[in-house]
Every structure is written in C-alpha cells, then in structure tokens.
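Same chain, two partners: chain A is paired with chain B first, then with chain C.
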Partner chain A sequence: MNARILALHGGLLALLLVLHFVLPVYHHGNLARIMVLACYAIGYNLLFGYTGLLSLGHAMFFAAGMYGMGMPFHHLGLGAELAFLAGIGTAGALALVVGLLALRTLGVAFMIVTLMFSQAFYLMILLAARWTRGDEGLVLAGADRVLFGLDLTDPDIRYLLALGLFALCLSAALWLVRRPFGRVLVAIRENPERAELLGYDIFRHKLAAVVVSGMFSGAAGAAYGLMFGYVGASFAEVHFSIFPLLWVLLGGAGTVIGPFFGVLFMFYLIDISSGLTPAYMLIAGVALVLLTLFAPQGLAGEVRRRWLRWLP
Partner chain B sequence: MTKTTETGATPADPARRDALRTLAGAGAAAAALPLWARYTHAQSAAPIRVGFQMHATGIGAAYGRWYDRTTQAAARLINETGGINGRPLEIVTEDDGTDPRRGAEVVEKFANQHRVDVAYGTLFSHVVIGSAPRAGELKLPYFVVSEGHHVASGMLNRWTLQPGITDVKSQVLAMAPFVAETLGKKVTMIFPDYAFGHDHRDFFSEAMAAQGGEVIAKIAIPPTETSFTRYFPRIPRETDVIYHVMVGPAVLTFVKEMGEFFGPSRPAIFGFIDSLEAVDLRSPGLEFLEGTYFWEGMPRYVQPGQTDYDRAYRAAIGLDENGASLADPRDVSAYAHMFGCWETLHVIKRGMEAAGYAGPQDRQKLVEAVEVMTEMPESHEHPQGRKLFNGRTHQVFGQQHVSKLENGRLDVVRTVPLEETFYPDEVDYTAQPF
Partner chain C sequence: MSALLSTRALSKSFAGLRAVHEVDLDLAPGEIRALIGPNGAGKTTLVSMLIGRIAPTSGAILFEGRDITRLPAHARVRLGMAYTFQITSVFARLDVAENVGLAARRRLGGDRAAVARETALVLERVGLAGHADALAGDLSYGHQRLLELAMGLAQAPRLLILDEPTQGLAEGEIEAFKRLIREVAAEATILLIEHNMSVVMALADRITVLDFGEVLAEGSPAGIHASAAVQAAYLGTGADA
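Showing the complex of A and B:
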C-alpha cells in the first residue's frame, strides 16, 4: 500500500491515541462516541460513496446491531463478546434480506424501499414491546458490560475500545476499497452498464456492498449499546438514517477518512451552537448549506480535489 | 441551548412580588437584601449548579417550555429565601431535543464540562432511560420529573430519583375505583402503542379487575397514526367507559372523530390530561369532551378553597386562575405535571441542607439524605399537596385528582388520598452499591 496513504490513516489513529492522554474528560468522552459513530458512517460510505447507492434506511442496520446485541445480552444473559458478534450477525442477515429485495430497484426507488424497510423495522421494535420495551428501550446493566475482562463503564477502556473498533473499520474499509472488489464498486457507481459489459456481476457486487455496509453499521450499533448501556428505538428512527448521509456528505463521500471528519464536524457544530442559542439547528442548517455550496465534495473530498489527489 | 441562569433578581411584576412575600416572612426579608449580603454566612459563595435537562425541542417541547418556566420561578424563590446552604442556586440549561442519545450526551456535558452538582428535570421516559445509565456511571445524582414507572420498577440505578412527581402506576391505581364505582364496570381502553401506553394498559387492567370491573377491549394506536376513524368501530357496544390516554399531537383529530362517530349518545369517557396539557380546553374541536372526566396531577383551574400555596405558586410562575400565562391567556400551562419541577428543586435544596452538601464530593451524601426522607407536608415547597417519599424505590407518592370538564373548565370531583395510591415495592435501591 502506498506509504502516503498508510502515513495519513495511521497518523490519524496515532493522533487519536495521543488525544486519549491529553484531552479533557468531556471531549475524551465525546471522541469515544464520535469514533463509534464514525464506524457507522464508514459503513454507510461504502454503499453511498463507493457504490453509489443512496440508502435512507441505514438506521435499521445500526439498530439491528444494537438490538441483536442487546436482546440476548439483556434477556438471555449472553456475554458481551458473543452478544457483540450476535449484533453484527443480525445486522448482516438483515442487510442480506433487505439487499435481495431492495436491489431489485434503482435510484429513487431504492431510497424509498430502504426507507420503508427501515420504518417497518422501527415499528417492529415498538410492536415487540414485550421484549424490547418499545420506545423506552432497555438499560444494559453496568456490572455485566465486561468485554474480555475489560469494564466498559470505565471511560479509559471505553475510549481505547472505541479507538480499536474505529481502527478496525478504517483499515478494513481502506483495504476493501483498494482491492479489486472496491474498484468494481466504484466502476458500478460511475458506469454500471460498462461494468456489466466488462463481465462483472453487478447485482452480486451491490449485494455484497449492502451486506458489508450493514455489518459495519451493525458493529457500530452493537458497540454503542454496549459502551453506553442503552438500547433504544430512537436509534431506528428515520433521522438516524439521515445522519450518516449528512456525515458522509460533509466529510467527503467516497473517501475513507472523510466520514470521521463528517461526524466530528456535525457533533461539535451542534454541541457548540447549542451553547450559543436556542435556535442552534438554524446555525447547523446554515453551516451545512454553506459547506454544500463551497465544498460540495465534503471536507476530505475538497482536500483531495485541491491538494491530495491520491487520497483513497 | 445552554443557558445559565442565576435567578437572584427581584421579579419585576409588583403583583408577583406581593404574592412571593406571602411565601415566608423570613424569605421576604432575605429578598430585600442585596445578593452579596444574602450568602455571607455560607462557607462558599460559589453557586450550587443544577443541570436542567430540558426538552426545548422535539416532541416534548410544549412540556419543556413550562418545565423551564417553573424551574426558573422555583430557583428565583429559593435564591430570594437564602439559596441552598446559603449559596445561590444556578440553573444550567441544556436542550436534549427529547432524544435519548442527546440526553445521555447532555448528562455527560453536565458532569464533565459544566461541572454541575446534580442533573435534573427530565420528563420523557425514553430520555430518562437513555440518560440514567450515564448518570449512574458518572455518579451524578439525577432527579427526574417524568412520572414514568421506570424509577420505581427498579430498571435504573441508585443515582436516579423521582421525589417530585408521582408515577403512572400509582396514578392509574388511584383512578380505577372512581371509574368502576362512578362510570361503569366495562371499559374499553384506547392508548398509544408504545411503552407509556402499555403501562396504562397493564396497570389499569389489573386495577379494574381488583375493583370487580373489566377491560373488555384494548385498542392500541400506532404512534404514527393521524386519523382514528377506523379504530372506533372496534369499541364494543356494551362499553360503559372509554379510557383514553396520550394519543399524541393528533389529539384534536382524535376527539373530533370520536365525536363524529358517537354523536349525542356516547359512553362515559375518562382520560388522562397528558395529551391536553398546554392545550386550551376551549379549542374548537374539543366540545365533544364536555362532561367527560380527566386525571389531573394538580388542578389546572383554581378550585374552591384554593390554598395559599397554590395561590403563591401560580403567582410565582405568572399564571392566572385558568392555568394560563398572565401575559397571554392562550398560552396554557402543563399544570398537571410541572409542579414536579418546583417540588423536586425544593427536595434537592432540603437534601443538600440535610447532607451538609459542600460540593461534588458530597453527592453520595445527598442521595442518602434524600433516601431517608419520608413525609413532605403540603407547603409552599409542595403546593400540589402532601407527599410521602419511599427511599427504597426512589419514588414519591401523592394525592391524585379526578376532574370533570364542564363549561370549558375542569373542576375536581374527587381527590384520592395518597394512601390509596400505594403498591408493593419492586426494588430496594438502598441495597445497591453506589
């Protein structure tokens, strides 16, 4: 792999490790959340940024990971390690089913179908209130949230595990998009007819992208639930499908590093502006409009366009 | 929104000031002193910081607005009467968007950035449940004003308490005898198809059975519903009473369509005021509710024999005899619930003073001091009425009201004493470690 690419992405991870030792406690906690959410955004980006499929229902995969982990953890007493894997498996299985059905459509229809599936999943969580506690959700007991002997209620451990997960997702995404598989996804995004003419099975590649994207999202959902002790239906609501789209657009669609900066930017935009005015969503909205006008390819996308053409 | 409010100033409105004087002679005297002089006997003049987790935006915004006004009024009064342990009270407000994810982040912000002494004021159950685990991990006392059963059910933790408002289980238990004795034995329930509605469904069904009554149909309304016409034919003909609760923002449509369905001959109707909080009962479309009954935590309209406490409480917040803002009679309050903010802030004050609270190192002492509280007599601190706090379950109990809607106003027809609202403990938080 190109040394510059390794240095950039490795440098980001090293910086995040250094920040663990120097950040004030509030920002330390925020960054742990941001890194987990960035895994969700990276997963979304694989489908949207690299494959060109705009899903409006990714919250269902995040929530499937969260509930796939949380339900057996809470009701069956499954250990955190197996529960985490169960979360990823649930999200992957759901992504496979949704992909098989939704990929029969294209463009706007794909957006609508994924949105509908996601809403159905959300309502299913509410309707299964006997087990999910509906909109209220479930609290995961702090004493049981132990992963390989590490106490997830400890802020230091939580940060380092979030960093570990983020490093894994970032590396996996980097590896994937530079593999022939990733290049085929880009080819499908740019010109699906030509990719098909070249002999690639477009449907299978898209389906694989949906499943991988769903598993990244599910891993983020499962980790979020385990780390912060709460599993709730609001994570399956439509706005939680819009967030990764915004994060990726802001950070730079089709860049591996961009989603992290998208999440970071949005998180602090809301956190800081909410301290200035009750109308903080207006500030957030104006900032988003300005960014879209003046950096339409997102933060990392703009950096790639202007300076770093090699940015993956 | 982050808003830091140190409410030591004298209210501008002379009428309100007069009313406040009635709260306590000593308090009024203290109010006449300049700010610096009021806290001179305190070991530290640094304010006690209370993080107010406010639903300023999102589905809880109507409640949030009134929770905020009540909080500011209570804080102003506390400051005018000497503060807490001689220190001024400062309210640090953060909007949680009525969202559990942001709620947990706000709790972290309170603990780690604003360095508040306690967090307080959350209403919606899912936000409480999403935030409480973080409050527990951060060892931050978390005083909720939610009326959810989540605290007393044992699902939360030792750092989460609800000492200012009763929970839905005790409210429902209190209403069942009235419904069975006065309105009828066969009940059809219409409730939202989410956890709050399910609590009503389960607790009320059980309570009606204990009264010799029966819930003959349970109609769950999906949370996304905007029209209710197709649900009404499912109401059995033999229904004596329709019980409705929190159908959501579409409540006006719900009432209008129910009126069109039944016409002049309808069964008795009993509802919880929750979905009509902050709604003018004279609004067009609500005529059909005339003659029906409601649960109220605290009567919105001034009742005969109004206590001085209620009078002073209304004046402090700036409310008229109809529970609407003095500045705008169309701005109706969430009167049945928001007293919980007022009373909780006073419990925090009492707890801090009992614990000799000096700073975050005494947070555990504060929780322990609140846990040993029991009697809370009706007073300026508890204008809704006498309360009994159960330290084991971290839940307070109080009287409940049944009101009848007549001539566009609610009048209390029965007050259920707090002793009739008890149920067996489901948890003992005091046995849990901190």
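Showing the complex of A and C:
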C-alpha cells in the first residue's frame, strides 16, 4: 500500500491512542462515542459516498445490530462476544433482504423505499414491546458486559475497544475501496451504464455494497449498545438515518477518513453551541449552511480537491 | 462459414414505430463490417439490441451459435463483446488510466501489475499515453473518442462494436484511427457504424445498408458504391435515376 496513505490513516489512529492518555475525562468519553459512531458513518459512506446510493433508512441497520446483539444478550444470557457477532449477522441479513427489494428502484425512489423499510422496522420494535420493552428499551446489566474478560463499564477499556473497532472499520474500508471491488463501486457511482457495458453486474455489486454497509452499521450499533449498556428504539428513529448522511456530507463523501471528522465536527458543534444558548440548533444550522456553501465536498473532500489528490 | 454473430428476424418497435424490422445479419469471424444508412435508419437501435442495452420486440441474436437474446448486457460483454458509445460515455471524474483500468480489470482480475501493463499498452496504441493522469472529463472531445476506443480494446473483445467512432475526430486523427482499426481487425471482428464514407470504403470488408429499419443492401464496398438503391436511399433520387 501507498506509504502516504498508510502514514495518514495510521497517524490518525496513533493520535487517538495518544489522546487516550492525555484527554480529560469528559472529552475522553465523548471521543469513545465518536469513534463508534464513526464506524456507522464509514459504513454509510461505503454506500453513499462510493456507490452513489443515498439511503434514508440506515437507522434500521444500526438498530438491527443493536437489537440483534441486545435481545439474545438480555433474554438468553448470550455472552457479549457471540451477541456482538449476532448483531452484525442480524444487520447483514436485514440488509440483504432490504437490498434485494429496494435496489429495484433508483434515486429518489430508493431513498423513499429505504425510509419506509426503516420506519417499518422502528414500528416493529415498538409493537414487539413484550421483548423489546418498546420506548423504554433494554438496559443491559453491567455485570454481564464483559468482552474477552474486559469490563465494558470501565471507561478506559471502553475507549480502547472503541479505538480497536474504529481501527478495524477504517482499515477494512481502506482495503475495500482500493480493491477492484471498490473501484467498480466508484465506476457505478460515476456512470452505471458504462460500468455495465464493461461487463460488471451492477445489481450484484450494489447488493454487496448494501450488505457490507449494513454490517458496518450493525457492528457500530452492537458495539454502542454493549459499551453504553442501553438498547433503545430511539436509535431506530428517522433522525438516526439522517445523522450518518450529515456526518458523511460534512466529513467528505467518498473519502475513507472523512466520516470520522464529520462525526467529530458535528458532535462538538452541538456540544459547544448547546453550552452557549438554548437555541443551539440555530448555531449548528448556520455552521452547516456555511460549510455546504464553502466546502461542498466536505472537510476531507475539500482537502483532497485542494491539496491531496491521492486521498482514498 | 459459421458466423460469430447472427441475428434472425430481429425487430424493435417503439410504440408502433418500426425502428428495426426483421433484420438478418451474419458477421464472419475476423471481418470488418460497416453498417451504414441515413439518419434514423435504425443503426444505433440495432447495435443496442446486439449488446443488450435495449430488448428486441421479436427475433433472436446468436453469438458463436449461442442464443444470447435474453442475456443482460454485462453477460454479453463477458462472452467477448465490447461496445463503444456513439455519445461519448467515459468516467469523466476518474483519470484516463483508471477508465482503461476498469475495462482491463474485469478480464485480468486483481493482478495490479498486469492491469497497469495492459493500460499503458492500450493508451500507447490509441495515442493517449501522455494523458494517463488527466481526468477523462478534461480531455478534448476527440481524445474522449479515443479513450472510448481504448476502453474497448482493453477488454480484448472478440467482437468490437464501434458506434460512429470518428465523429468529431480531426482529419489526422482519422488516418491514425484507420491504421489502428486495421491492426485490431487481426484480433477481433469489428462492426462499425459510420457516416464518414471514406472511412467505410477504406476499412470495410463488407457493408450492410439499413434503411427504414430494414436491410436494403449488403455487399462489397465496390458493389455498394455502385448500387442505385443505396444512392436512392441516401440522396432521395428515384431508384431508376
């Protein structure tokens, strides 16, 4: 792999490791959350930024990971390791079914269909209140939240595990987009008809992208539930489908490193502005408008356009 | 003679308009076949059916004796057919080398060195070697036409369908294009839709003339050149003029 690319992405991971030792408690906790959510954003970006498919229903994959982990963990006493894998598997299976149906549509219709599936999934969680406890959600017992002997209620361990997951997602995404498979996804985004006439099966590539994207999202959802001990229906709501879109747009669609900065930026934008005024959404809104005006390709996208054309 | 590609009574109607009507075509392996005809004769509709961009209303298409009428376009490409677009269709925001790389990679797989080698070779052949790092969308129109051709060649097809490849090329570029097509003809069968009659006469082994969606005439360049029916179709004179 290209040394510059390795240095940049490895450098970010090293920096996050150093921050573990120096950050004050509050920001330390925030960053752990940000890293897990960045995995969700990376997954979303594989579909939106690289394949050019705008989904408005990714909350269902995040929530499928979360509930696919949380329900067997809570009800069946499944260990954290297996529950985590069950979460990823659930999200992947859901993504396969939704992909098979939703990919019959294109563009705006694809957005609407994914939105509808996601809303149906959210309502299902509420209706199955006997097992999911509906709005209230499931609180996962702290004593059971042990992954490979590591206590997930310990903030230090949480941070390092979040970093580990983030490192895994970042490298997997980097590997994927530089492989022939990832190149074909970009070709489909740029000119699907041309890609088809180069002999690539567009439908199968898109379906694979939906499933991989769903599994990244599910991994993030499962990890989020395990680490912070709560599995709730609010994570399946529509705003949780909009967030990854905003994160990716802000951070830079079609860049591997961008989603992390999108989550970081948005998290602290809301955090800081809500400390200043109750009308914090106004400040957040203005900042978003400014960014779309002056850096329409997002933070990392703008860096790529101006300075680093090699950024993957 | 067993044909590489054949059509049997191939027809396409658009809402009652007969664009292509019962066309029987046989391409012999290794030949350069030109498809000519006035605007609206159904040439692009015919080749779009051959490659699978549009479905025929009726009739059959055979490639190496195998019925491919129902195959999707990508599967036909995998069998060894390649198509270059009449209206240039490149990956405008990707660089020239990646455009060709995508074409070569499907065949060569994940072998990066082989793909890079093939890409460099093909770009050299069409004369775009100096533009490998440029964005395809930044190329001049003529160069984009050459890039289309390069993407066709990188697939090493057995049948190469070229839809008006010289449109927008300068005189000098057309000469280079003719030389290149003669070289390629040693490895592939070529179906050429072309308006430039000097290109057709210089390259084609046989010519098929399409008019109002039907085959009006088929024969050697000299025979077609002399045909009164063809002149009538093109010039609007009576067949006996």
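A few points about this structure:
Following the convention adopted for this analysis, the second predicted complex is superposed on the first by the 312 of 312 C-alpha atoms of A that agree within 3 Å, B and C clash if a C-alpha of one lies under 4 Å from a C-alpha of the other, contacts with A are read in each partner's own complex, and residues count from 1 in each chain.
The definition used in the following text is that a residue touches a chain if its C-beta (ideal position, glycine included) is under 8 Å from a C-beta of that chain, and two chains touch if they have at least 3 such contacts.
This structure is a prediction, so every number in the text was calculated from the model and none was measured.
In the superposition on chain A, A:P180 makes contact with chain C only, while chain B stays out of contact range.
When both complexes are overlaid on chain A, the residue A:A233 reaches chain B alone and has no touch with chain C. With both structures placed on the common chain, the touch criterion links A:L198 to chain C but leaves chain B unconnected. When the two complexes are overlaid on their common chain A, residue A:P72 makes contact with neither chain B nor chain C.
In the superposed model, A:G29 makes contact with chain B only, not with chain C. When both complexes are overlaid on chain A, the residue A:G10 reaches neither chain B nor chain C.
Partner contacting the larger number of chain A residues, of chain B and chain C: B.
In the superposition on chain A, contact of A:G134 is made with chain B only, not with chain C.
Look at A:E190: by the touch rule set out above, it reaches chain C but stays clear of chain B. Within the complex formed with chain A, the chain C residues making contact are 51, 53, 72-75, 77-78, 82-83, 85, 89-94, 98, 101-103, 105-107, 109-110, 151, 155. Remark: chain B residues 1-3, 56-57, 94-95, 99-101, 104-105, 108-109, 112-113, 125-126, 129-130, 132-134, 136-137, 148, 150, 155-157, 193-196, 198, 222-224 touch chain A in the complex.
On chain A, the positions that touch chain B within their shared complex are 24-26, 29-30, 33, 123, 126-127, 129, 133-137, 139-140, 142, 153, 228-230, 232-235, 271, 274-278, 280-281. On chain A, the positions that touch chain C within their shared complex are 179-180, 183-184, 186-187, 190-191, 193-202.
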